[in-house]
Structures are given as C-alpha cells and as structure tokens.
Amino acid sequence: MARLEHGLECAPVMKRNRFFPLVAALALLLTACPRKNEVGTATAPNTGDILIGEYGSLTGPQATFGQSTHNGIMMAIDAVNAAGGIHGRKIKVLTEDDQSKQEEAANAVTKLISQNNVLAILGEVGSSNSLAAAPICQANKVPMVTPSSTNPKVTTIGDYIFRICFTDNDVGSNMARYVVEQMHVKRAAILTDVKTDYSTGLTATIEKTFTSLGGQIVGRASYSNGDSDFRSQLTAIKQTKPEVIFLPGYYTDVGQIAIQARDLGMTQPFVGGDGWESPKLVEIGGKALEGSIYANHYFYADPTPVVRNFVQSYRDRYGAVPDGMAALAFDAARVLADALKRAKALDGPSVRDAIAQTRDFPGVTGSITIGPDRNAVGKKMVIEEIKNGQLTLKGVIEPRGAAVQAAATR
Amino acid sequence: MKQLPWWIRDAISAAIFVSALIGLSYGLEAIPIQGIAYYNRIIVLMGINITLAVSLNIINGHAGQFSLGHAGFMAIGAYFAAFLTVDYFSPWVNRIPEGPAQWLAQNGLLLLAVLSGGTLAAIAGFIVGQPSLRLRGDYLAIVTLGFGEIIRVVILNIDTVGAARGFIGIPAWSNFFWVYFFCGLTIALSWRLVNSSVGRAFLSVREDEIAAEAMGVDTTKYKVEAFVIGSFLAGVAGGLFAHYTPAYLNPTMFTFIRSFEIMAMVVLGGLGSISGAVVAAIILTFLPEGLRAAKDMLHMSKDPRMVIYSVMLVVLMLTRPQGLFGRREIWQLLRRKKS
Amino acid sequence: MQEFLQNLLNGVAVGAIYALIALGYTMVYGILKLINFAHGDIFMLGSFTGFYAGGWAAAHLNGRAGTWMSWLVAGAVMLLAMTVCGLFGYLNERIAYRPLRHAPRIASLITAIGVSFFLEYGGQFVFGPDPKFFPTLVKKHLIRVDGIVTTNYQVLVLIVAVIFMAILQFIIYGTKFGRAMRAVSFNFETASLMGVPTDRIISMTFIIGSVLAAVAGILYGLSYPKIDPLMGILPGLKAFIAAVLGGIGNVPGAVVGGLVIGIIESFVGASQFSSFRDAIAFVILIVILLFRPSGLFGKYEPEKV
C-alpha cells in the first residue's frame, strides 16, 4: 500500500490489475455462447391464451386519454372472447402504464415484447409516446396498432406500424376547408400550443389549406401547454379583428382560453381539432365555448345502430358516455382481433399482413380500410358544435372532402 | 521488479477492460432467460445514469459547485450528436455496402458524433460556468436550473431537430459496449482527476474558496474547468442515449426533473464519492423497475416514485447528509474496517 | 394605446400574485439566507384548500347564495386557506429546516428541494394529477373602460394584494414584532443575545409568508380556475426571481419585482416571442445576477471572512 508523505492514499495499481484479468477471462468465456438472435419474431404458442400488449398513460397528466383507451380495448376484447375468441382461443390483454412519458413507453413496450412475448401491441394516444415505442416494435417485428395517434410520422417508422384514425393533415385541411366553404370566413387567427407536436403540426396544415383557399391568417400567437394566462396573446389577436380563431390545442387549455377571451370582450367562435375531445371540455369552458366547433372521430349521439350499441354498452359497463378515444380504442382492438382471425398463422409477419389487408371494417368511428401507407383511408370526420352546453352535430365530412351539412341532432 | 511505465500499465488495463466489455456485450444477450432484452435495456440505461452521476459528481461533489442544470448539457450532447448522424453520418454509412467497412464506418462515426456532442456540451458548460465565478450556493443552483430550462426551451423551438414533435429517425448505433466503454472512461477519468493536482485544486475550492484564493489557487479557472469536464461527459452520455433504441429524443426528456434525478443519485451516494455515485445510480435505476413490479403486486393506481425520492432526500439530509459513502470511496471504507 | 394599457393591466394583475408569493421568499431569505423552494407549493396548497372548501360550500349552498353571502363564503374560504398554509409553513420549518440550521447550506438547499417535490408529487398522489376547476366563489362581471375590458376578478386581485402588502408593511415597521424580525435579519446571533426569541420569530416569519402565499393561491384560483398539484413550480420560480430582482431580503423590492416580472411577461406574451415567455423570467434572473446581484433595491454585502 503506497502511502505518500501528505498522508493521502493512492490506490495501488497492482491490486487493480489482479482483478481485471479474472473478469476478462470470465467474460471471454461468455463469448463462447452462441449469439442470440437480437431481432426475434413474435410467435404465439399453439395453445392457451393469445397475448396482446397494451401500453398507455394510465397515470400522469394525460391519464383520462389512457383510461378511456383502456376501457375501449377491454370492452372490445371481452366481447370478442365472449363470441368464441380466435378459433376457440381467448385473447388476453397485458397492460403497461407509461405515465405519459416517452422513455417509459419505450421501456413498457420492451418489457411486453421481451418478457411477455406478446403477439401484437395496441397503443398509444399521444403521438410522441407512439413515436418512442414504434421503433422497438418494428425492430422486433411485432405489429403495433395505434388507435389515436394523429401525427403523420408515426406510421412512417416501419411497415409493422398501423393507425386506424385520421391524421393531423386530414384534420387541418378539412377544418380549414369547412371554415372557408361552409362558414364563409375570410379572416382568421391561430393560437398555437408550441409545446405539443400535435398543435404545431395542425397549425401548419390549417394555415396552408386556409391560405390556399383564399383565406387570410391575420393573427398568430403561441402558448405552452399548461399555461394559465393567455390574456397577452388574446389581446394581440383581438387587435387583428379575426372572424374566427383556430385553436388547435388540447381540451385542458381550450376552456381557459375561451373564458379569458370572453373576459376580454372577444366574441369570435373558436375552431378546433380532435384534441378538444373530452367529457371535461364543456365542464371547463362552459358558456365561453357556445358556438365553437371542433373536428372529432365520432359523434356520441349518432343514431346508427353500431354507435348506439357501443354507447349503450359503454354506459352500462363504465357509467359514462364514451369519448373519441374510447371509440377509437374499441375499433382498434376489434380490427386487431379481426386480423388475428384472418391471419394465416399466429406470428408477427402473418398478423401484420392480415392487418394491412383490412377492408371496410364496420367501426364505431366509420368504415375502416387500411391503405398502402398503413393509415386508415378516408375516415369520416364529424364536426361538433357546443350549443346550450351540449355537444351537437353540426356537420360530417366524408372521405372525398365535400362537407355535408347535417341537421342539428340532439 | 521495476514497474512498467504508466502508459503501458494504462494500455494493459484498457485492453483488458475493452475485452471484458466485448465479452459481456455478447454474453449478456445470450443468457437464455425470458425477457433478457428487457433486462439488457435496463442495464444499458443504468450505464448512462452512472456516467451522468459521475460527471455531475465532478461539478457538485469534487468542486462543490451546486449545479442543477445537468439535464441541459445532456440534451445538448444528445441533440447535436443525433443531428450529426441523421443529417450527415447516416446517409454516408448507408451508402457503404454491408460488411466490415460499414461496421467500421458506423462505429467510427458514432464515436465522432458522440464526442462532438460532448464538445458542444462542454462549450455550453464553459458559458454556464462563467456566472459561477460570482455566485454561491443557492444562487448558483437557481441560475444553473435556469440555464437548463433555457436550453430546453430553445431546443423546443428548433424545428430541424423536431421541436415538440421529437427527433425521430436517429440510427440506433449505440449499444452496451459503447455505453459502458464511456462509463468506464468517465469513472477512470474522474478518479485520475480527483487524485491529480487539478483535483486537489477542486477540493480546495470546495472546502474553503476564500482560503484557496488566498493560497494562490485560481478558483475562477478551476470552477469553470469543473463545469467544462462535467458537461462534456454529460454530453457524451446524452449522445449515447440518443442513439440507443428507440433512438427518439423529445425536449420533455430533459426537464428539471431529470436534473433532479441525477442530483439525487449524487447526493445519495455522497457528494464527492465516485463509487458512491456509481452505487447510487445503480440503486436508483433499479428502483423504478422495482416499484413497477410492486405497483402491479399491490394494485396501486398511482406511481409513488417521485414521492419516495423526495422523502428519501429529506430523510437523508436530516439523518445522514453525507450520503452512503460521504466523501470516501467504497474501497477506502472497506479497508478501514479491516484495520 | 388600448392594447398597451390592456397588456399593462394584465401584467399588473399577474404581477400582484407573483408579488404576494415573492414576499414569502424574500422574508425567509432575509432571516435565514435560505431559498425556500417549497414556498411555491405552499401556494399550491392554498389553491387546493380553496378548491375543496369552496366546492364543499358551493355544494351545500346550492346556488341559493346572494352576493353578500358569497362574499362571506369567499372570505371564510380564504381564512381557512391561510390557516392551512400557515400550519404547513410552520411544520415545514420545524421539521425540515430547523435541524439543519447549522449544517452546510447545501444540505438545506437539498432538503428544500426535497420538500418541494414531496408536496408536488404527494399532491399528485393525494389529489390526483388531473387538473381541477376552482369553484366560482364570487360571480364574475366584465368591466369595460374605454375599450379596455377587464373582470372584477382582476380588480379584486389588485385590491386584496395591496391590502395585505399594507398590513405586512405595518407589521414589519410598526410593531415590536416587526422590529424583532428586522433585528434577526440583520444579525442572527446578536439578536438572540439581545433577548429576541429567534426561534419564534423565524416560525412566525414562515407562517406570515405562507399566509400570503395562501392569499395568492386563492386569488390565482379565482383568476385562473384550472389548478393542479404542479401549479406552484413556475409561479414559485418566477416569484423567487422577482424577489431577487427587487433585492432579496427587501420587502418593497419584492413587490416591485413581482410587478415588473408580470408586466414584462405580459408584453412578451403579446409579441411574436410568445413561445419564449417562460424562458424570459430566467433570462432576467441571469442578467440581474450578472450585472446587479444585489437587485434593484438591495445593498451589496461583501463577504467577510
């Protein structure tokens, strides 16, 4: 042991060197083991339950989205199992909570694939969480179906990633078109949430379509998701005197923004996207949102049998009216189950092919056909208006883009 | 027997270390347990956390400068390295046909990207280190926190690296070997540093800055140097993190909470103890996973991790503020027990 | 001009809330040289107390309340919030800070951060992480003056804030207790030698600071009804920066600092840089600490060896 004059000890070099060769030898022995195939393919065993993974934000700030999605999935899978399952075998859903964090989403999905050996994965709502998990699913050849991630980039990760909702591009262009053609608006302002990809992407699409149709964006302002004071931005917008204000953000902020706008004496209606969809929207925004409209995946009071049965069953089971997330999750789970039935074999590649061949599946959110880019082709979009504190149907935009004015239904 | 010159001893240690790593990186994947990919993932993330904790320990523990903005440096390293690979290196590598040439290019360019990320982070550390000249304790903490937040908000507004959407398309070139290579390097560097004259200067600044200044130690220079070294290593860790599956970056990964988690590791291990930082990083990487299992077993609907962290920190400060190992290293403590 | 005045008014209303919180920071720092990171979360507790108490009151009154009654209820809710927060502030000091009074500053700093996180994430655990909606304690009316539109809430915030600041000013400069507080902030040891009960003074300082934070919490809940357990982080940080701006340890400075930060934020938010609004406060902090660390009203104190 070397002991220097000033009393400080130095770690002896010889002692260190004795350690390492042993460790190295042991490690080199491990090299002799055959190298496991890093990229595995999911193969279900031949009997017993079929394992499906679900990852979502069950806790954390986006908990309501994750909870609705979970409810929708469980209801769908239980119905499938009750009707006989997949060729007599039941589907079992393994759920992992990602706490609305991207890293947790990656960890959750890795766990589901490597530890639980799931055949396919459902999730997520938030696009950034989907973007974090998708590469892992793709690398392991496990098909992933996202029910509600609307960012166009999600399905570009790879050919194992599917989506059954419309994308932000569709929402943006359809809403802008509706506002110009049906509401005859020429001047609009946009208030963007710069903290979320959803809002910034939607803003870009809205602006592009609106201006290409002859409209003029007279005011632009931005806020951060979670802010509480929007008066400065609204004051700036007020000066530009727009006819409507686009608000492509999440319901948590929309209500506040509307209230503060009315406090400032602004009377313009707001126009939003599917981020507004939540049972809490009207509760938060109240009277301030009267006359405002937003695009959604389905309308809960739609009288068609598919929707009516879904809403009734959901109400019976969970005691609440299902929101868009629940409806999309319900459809996604059923599309996956349908693909499992059609698949030639219960392994990753075959299930993937079966999902890709989904045609005209009758969903609660409309007819679902998976296109060549793995997105749902031509999904119907409903336009809801807040009238007398209730959500009413103002219009439906069919795949071809022509908006149809539906009579207001309650 | 005369001892071999220091650089030969170092080269031998390095060679042994590298071969051990190569062996482990193959061996760990071959273990036939169900879920091995998941455990490997945790182990690699742990390596990144160890690097971060040891690098913060240089600033907070050795030099005594309380920095709360470490996540910002990690973010700079991560984003810059990813930017280089996505925009320049990856296209080059993809043009080379598969084979040893491509493997060499890929790893070489990963090294270059990660080191560049570290360098940019070091520059940021230099800029952040400047105000540290005049500020003490609490103020420095807030200012570094502020810098961390500013860095994050700036990245949030740069569209080329994905802004709020996040940075996708980063090639997943990082793996167990590189992460633990740099981890080992960081530990070795930190140990060598603290036992050198530079390290001694750090310690003197930590103990009593005015006395050190009076003894002729250029406290300014050494404080900034601590920031630069610490942030370089954090940037390297960030670069490695960026290239590890799923190779996705988002500004929300680099908030103050991340800085707090790294700080918790350093404080738990003992401010100034390298092995303490390592052990604490290991514990605190496994804790969330353990909690996840506990949550499932106890059917809790909410995640108690942050509550446990904060209570642990307060209790630690009230009962054992020096952390697990205080300022000593684990082998010094063990040796003391023997005698 | 109208836009300018509107932004100014908005800024002052927000700034008043920051000022109330900043007072707590500045008083504690003046006495203990400690940044009470958990102060912003006491503010959050005030809002949540108001939420639960106000919600309970609203449920029981069931809309039958007239204007006088609702003001009475609002006042009672505020008093309750003040009591709860005062209690938490006292406990915080006793349990977490007093044992560390003679320990190195880093330990207190880490403890303060720990308590802050505990309140935030514990709050998420207990209250749930989803945002809650503060009950409408007092009915909202729009007030229009010459093209500027405001609500009675903003006016209320200003009036209440001024009242409490005046009370604080009186306490510090017009009572024996206030003199003791000032003595302790000048020199801790000498004050205790002079017979000032320092422990009690420190506890009272925390309590007063927390009471002000509670008031801020209620006012904030009225103005911005969306509350959640993490709401105290950003306002807390901004209020701290306001205290530094005004000269930490200086009571009027904290008020001025709060108003300045509120106004600057308002104008930045209305401009094209609105996406950097949160970062602005930090930029101000860095600029202040680089060029005038003692703040607008503070004195430069050289460190004695």
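Worth a mention:
Letters A, B and C name the chains as they come in the text, with residue numbers starting at 1 for each one.
Here is the rule we use: a contact is a pair of C-beta atoms (placed from the backbone, for glycine too) under 8 Å apart; a residue touches a chain by one contact, two chains touch by 3 or more.
Everything quoted here is computed from the prediction, not taken from an experiment.
Each step here moves to a touching chain, and the least such steps from chain A to chain C number 1. Interface comparison, A-B versus B-C: the pair with the greater number of contacting C-beta pairs is A-B. Our note on geometry: chain B versus chain C, Cα centroid distance of 35 Å, whole angstroms.
One inter-chain figure worth recording: chain A and chain B are separated by 32 Å, centre to centre, where each centre is the mean of the chain's CA atoms. Shown for chain C are the residues that touch two or more other chains, namely 129, 275, 278. Shown for chain A are the residues that touch two or more other chains, namely 59-60, 194. Along chain B, residues 156-157, 302 each make contact with two or more other chains. Residues of chain B touching chain C in their complex: 66, 131, 134-135, 137-139, 141-143, 145-147, 149-150, 153-154, 156-157, 210, 260, 263, 267, 271, 302, 304, 306-307, 309-314, 317-318, 321.
Looking at the complex, you find that chain A touches chain B at residues 8-11, 13, 16-17, 20-21, 23-24, 26-31, 33-36, 38, 40, 58-60, 97, 99, 101-103, 106-107, 110-111, 113-117, 127-128, 131-136, 139, 151, 153, 157, 194-197, 199-201. Taken in their complex, chain C has these residues touching chain B: 33-35, 96, 99-100, 103-111, 113-118, 120-122, 124-125, 129, 237, 240-241, 244, 275-276, 278-279, 282-283, 285-286, 289-290, 293, 303, 305.
Those residues of chain B that touch chain A in the complex are listed here as 3, 9, 12-13, 16-17, 19-24, 26-32, 34-38, 41-42, 156-157, 162-166, 168, 172, 191, 195, 245-248, 250, 252-253, 295, 301-303, 331-332. Looking at the complex, you find that chain C touches chain A at residues 3, 6-7, 10-11, 14, 129-131, 133, 140, 142, 144, 149-151, 220, 224-226, 228, 231, 265-272, 274-275, 277-278.
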